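One structure is given here, and the rest of the page talks about it.
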Amino acid sequence: MSNDALLSVRGVAKHYGAHIGCSDVSFDLFPGEVMGIVGESGSGKSTLLNCMAGHLAPDAGEVVFDTRTDGPRDTLQMSEPERRMLSRTDWAFVHQHARDGLRMGVSAGGNVGERLMAVGARNYADIRSTAIDWLDRVEINESRIDDRPTTFSGGMQQRLQIARNLVTGPRLVFMDEPTGGLDVSVQARLLDMIRSLVRDMGLSAIIVTHDLAVVRLLADRLMVMKSGHVVEAGLTDQVLDDPQHAYTQLLVSSILQV
Amino acid sequence: MFDLKNVSKTFTLHNQGGTVIEVMRGASLSVSDGECIALTGASGAGKSTLMRMLYGNYSAQGGTVQVAGVDLVKAEPREIIRLRRETLGYVSQFLRVVPRVPTLDVVAEPLLALGVDPQIARDRAAVILAKLNIPRPLWALSPTTFSGGEQQRVNIARGFVHEFPALLLDEPTASLDAKNRDVVLGLIEAAKARGAAIIGIFHDEEARDRVCDREIDVTGFSPQAAA
Amino acid sequence: MNAQHEEPVTMDQDYNFAYLDEQTKRMIRRAILKGLAIPGYQVPFASREMPMPYGWGTGGVQVSAAVMTRDDKFKVIDQGADDTTNAVSIRSFFQRVAGVATTTRTADATIVQTRHRIPEQDLVEGQILVYQVPIPEPLRFLEPRESETRKMHSLEEYGLMHVKLYEDISRHGHIATAYSYPVKVEGRYVMDPSPIPKFDNPKLGDCAAIQLFGAGREQRIYALPPYTNAVSLDFEDHPFEASKADHPCGLCDAQNSYLDEVIIDDAGGRMFVCSDTDFCTMRQADGHKGKDAA
């Protein structure tokens, strides 16, 4: 069953000098699956995400992606143009801070249209109508298309970032604390939107967060990290309701109940 | 449909000195299509633990837990996810949903996950919500603000909107009035009639007698009983 | 003003020919040759301090100095005019430090240093057009990181350039970028043609002369060899248009030259005249007369 994996991570390790960023991480992600990576600050979850997404060069390991044209390929061995092309088309990366993922000086429509233009769209009317369609899908009013993201609320900026990322119909989305820093009511709306988009587009996603409530609602599977190592992995509700590892038990029991 | 053989379950409390609590040993049971069985036993005997193991929510330490041919003890997460999406429904006592999502969409979700056309999914959700007497004005609201009985019925609607071949029901009639209880039991009977295998916990004796073919006392699965 | 450079010129012997030392000129020539070999590519060079402030053409002056020989005839224009401060001082600078002949005639010049215009008259083989460039990086205003823009050039990731044009259309209903209009060179590098009006863009491509671009403060040189393909970026449904003020020249009645709007009194009176003074003067000498001509 492992030959149809969308992403196969094998033995990924990253060290910062003597300090371990992440070590010997392996897993398969299948089409349509959403995997959460949880752990406290410094557990290596963001390092791992950045290694997989090509933002950091790991010291060891493979990140094999099932490309549309050539089948499974180790993205770490790809040339930089290939990898950047991949990250503009089949991959998407949603940053915690929308500012890191948006062009703040460019209108909402331009932000959404950029990936289209980057892959060769040269018809203004088409680009604009696609942008309008996507703004609608992330519940941003069409009338805001020419406004800059600086005039948007935090939740809107995050939704715009998602639209900008998904417009080229990627198959794999990396998300780094996508709901972090948003107030809870905005979070809920965003979570629901991400869930629907993932379902409707058949996306696979890897979501890094420290918020267990977020992974419970979004992720099918969970990986728990501590000090750079994966200490437990499995079905999300299994890991949260019947944690096997000491650290996971501590993590789960540390949540404030409301 | 359900087939448990020699299942054992322990909890290891790493943060409490590594205490090991053994809660189940040698549990075996089998449920065929079209059959509804009730798990019985005193509170704390392990009914809920067994239900959770049947859903893949708790992992067993030994034995096999087969549901529709998938052994939940060994299955990959994605096999369990697929099983839950297509075959295995679960009506829990607690409603766990994304806040602010309208009730109609909450109920339609199992169908949407199967790729059913959104309009058809919502139509079917509306039918079952109406059947369960959830007032129409509430459909557009999130169920998180509903009363206990209403939440329970939303949960039931979610469990029955797709015709799951296997169903787990945790106290489906608790906190329901007579009229709605009757509707729920009717749904269970209809599910049985179409061939669904059902395992339930019913404290409501009358309900149990009406829909269940057999009772299994989980007290027999406790380590003390097996010892 | 033509009288001025009929005078014999004498070079100030305190300076090396054309001000820069020979090693520096060789360094700049290497950058120029590399630029010519990779049309549109921005070649870094060790820009020198020049005896004029940045923004006054230090890049163009260094390029001119590096390509200049004693036999050259030098012309300088600023927004098309030979007689504005910047043009006059750069011309006299080279008269003093190189002793070269100068001219205002486009046809007579072998080197034309320009700020913000391409002469109306077609350039010919053997001529060199040297542009003064304030900001060589066309992607700069959308992507401030130089490390990133260089990568975008090397990987040919130019989607962002169209984002700029998209923004124009969304805000103004048409591509409002009127100068520094980006071109794609030989299907490869996107290049900022310096702040020439987009009216001049069609003259960039397939030009018989060598075109050299020098950015002093930014330390970049780039080039278009003769007869290079340079296409202005656009959208299918918003094609590039080389626009100009919709008037004839008030002095020489030229219909197709780039015009400056000149305010002539305090009552809102104005006239449109050729920005290329040499072109306009020549036409008037040939007997063309506009409606505002005295």
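Read from first to last, the chains carry the letters A, B and C; within each, the first residue is number 1.
To be clear about the criterion, a residue touches a chain if its C-beta (ideal position, glycine included) is under 8 Å from a C-beta of that chain, and two chains touch if they have at least 3 such contacts.
The model shown is predicted, which means the values in this text are computed figures rather than measured ones.
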| item | value |
| --- | --- |
| Shortest chain-hopping distance from chain B out to chain C | 2 |
| Identity of the most central chain, Cα criterion | A |
| Chain located farthest away, centre of chain A as origin (C-alpha) | C |
| Distance between the centres, which are taken as Cα means, of chain C and chain B, whole angstrom | 77 |
| Chain A and chain C: spacing of chain centres that average the CA atoms, whole Å | 46 |
| Separation of mean Cα positions, chain B and chain A [Å, integer] | 32 |
| Numbers and ranges of chain B residues touching at least 2 other chains | none |
| Set of chain A residues in contact with two or more other chains | none |
| Residue ranges of chain A in contact with chain C within the complex | 80-81, 84, 88, 103, 105-107, 109-110, 113-119, 122-125, 127-128, 145-146 |
| Chain A-touching residues of chain B, taken from the complex the two chains share | 11-15, 52, 56-59, 76-78, 80-81, 96, 98-101, 112-113 |
| Sites on chain A touched by chain B in the complex | 1, 30, 33, 184-185, 188-189, 191-192, 195, 199, 216-217, 220-221, 234-235, 237-238, 241-242, 244-246, 249-250, 253 |
| Parts of chain C lying in touch with chain A, wherever the complex brings them together | 141-142, 151, 155-160, 162-163, 166-167, 169-171, 235-238 |
